[in-house]
Amino acid sequence: MASREHRTSHTVDVEVRYAETDQMGVVHHANYLVWFELARTGLCALSGHDYPSIEKAGYLILVTEAELRYHRGARYGDRVQVEVWLDRLESRGLRFSYEVRRAGERLAAGRTHHLWVEAGTGQVCRIPSPWKEAFAGLRR
Amino acid sequence: MASREHRTSHTVDVEVRYAETDQMGVVHHANYLVWFELARTGLCALSGHDYPSIEKAGYLILVTEAELRYHRGARYGDRVQVEVWLDRLESRGLRFSYEVRRAGERLAAGRTHHLWVEAGTGQVCRIPSPWKEAFAGLRR
Amino acid sequence: MASREHRTSHTVDVEVRYAETDQMGVVHHANYLVWFELARTGLCALSGHDYPSIEKAGYLILVTEAELRYHRGARYGDRVQVEVWLDRLESRGLRFSYEVRRAGERLAAGRTHHLWVEAGTGQVCRIPSPWKEAFAGLRR
Amino acid sequence: MASREHRTSHTVDVEVRYAETDQMGVVHHANYLVWFELARTGLCALSGHDYPSIEKAGYLILVTEAELRYHRGARYGDRVQVEVWLDRLESRGLRFSYEVRRAGERLAAGRTHHLWVEAGTGQVCRIPSPWKEAFAGLRR
């Protein structure tokens, strides 16, 4: 957790949508992956190279693993904060961590692993410049 | 409605998913458009030219209008039947109608309008052969 | 359209989510209903009686009809504005209209019809005070 | 894996929906959690006590953790098989494992952890009879 103070993180504020709830009266658990992605989009933009531009350049960042822990349910009417940070940068992959909070209380946490892929061939590849450096910048 | 006896329709059987419900305890109204599309996919396949092959050939069928009427809510645990038929075929467009039923009772009905588009240019175009004939076959 | 100048409307700013796109590269058409609902939630809050409090008081506002027209597709990376206004208020029902815009360009428009229902009995009922007055206030 | 031969598993056949794809041209990764749930619903029904009846009896089965590994993307036009089995039964919790396959090829795998909760109080509780026995039957 010490490293957390030094990381660059990004937090998005999300208003719970009615359609995101299920008959249990809370947000359906699959939607947290959608929120994670929304936060990740913002973090990528912070690096100076937003995700749409990565796809336009002919690359994809595939999700290869995801882990989620659910502590308390978000509800319609809530605003939640979704924080994301890059917690591992490898030659071909990235790992992001997430926390979802409501008024400071942790509702959920998670992690997603990604591989960098050439869209044309579908082959995993090294993260090319200038993205490698841009993502490295998020680790400081 | 008389014409209905003569039409080719397609019915898919859908098991309601928990994720499709909302906190009202019924299926969220946006999901009916997803069910319509699932039924439409099956009807296109019936024509002998399934929708994935249309996209592979370089065309898109854009949705330009949708209308829905909701009579009763579908619930988790239900199986519903979604029937679709082509109720209008124009030179550049198609209109499909839908009924969603549970044990014969009508839950919802709707209609979607579509235009045929060249994927490369984004231009609306005439429905080319052999699809034109294939869709015409669904009108008999 | 003249009346539009006098209406109370509410506009929400929505960042397109990756999960909202489909393989056509644009936002899947069902998501517009979800955006409409998000805007409607904000408009209800403007009336001074937010939607969660209506449900807590034992009422539901059922969607009975929806109409959508799609002009241009929203894309990942876009921010869109969703405007909603109450265009009809009846003793037991409401009708809302919507416009989705990107940088002033209209992407989609729509309308939803709703009935006021007692959650306990499932019966349609007159819109009770103080909501009737609150919604009437949105018509000025 | 040896134990796998002795387990009771349930497999559902899922037709990929257009709305489930994203602009990468494959099924968006959040939908696998929805498919897992659909398969789990079927497995619960196999136990003789379907999930809707558990909620009617005043209980909820909360998702507390989920893990997913993505190997290959499912595509529109695919039919996939989602297999689920109960791989751990505790006094208050359950853990399910999943595999998603297309023509025998593994596309994804995962696991979800759940706690049994009294809906009225929101308290975690022991899995009561007759469900405890019913779930135990799935372990043979």
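Points worth noting:
Should a chain be cited, it is by its letter among A, B, C and D, assigned in written order, with residues numbered from 1 in that chain.
In this text, contacts are C-beta pairs under 8 Å (C-beta built on N, C-alpha and C of every residue); 3 or more make two chains touch, one makes a residue touch a chain.
Please read all numbers here as calculations on a predicted model, not as lab measurements.
Chain centres were defined as the mean of their Cα atoms; on that basis the chain farthest from chain D turns out to be C. Looking at C-D alongside B-D, one finds more C-beta pairs in contact between the chains of B-D.
Here the spacing of chain C and chain D, counted between their Cα centres, is 34 Å. Averaged Cα coordinates give chain B a centre that lies 29 Å from the centre of chain D.
Contact of a single residue of chain A with at least two other chains is seen at positions 18-19, 23-24, 30, 33-34, 76.
The residues of chain B lying in touch with chain D in their complex are 15, 17-19, 33-34, 37-38, 41, 50-52, 75-77. The touching residues of chain B, when paired with chain C in their complex, are 23-24, 29-31, 33-34, 55, 60, 62-70. Of all the residues in chain C, the ones that touch chain D in their complex are 18-19, 21-26, 28, 30, 76.
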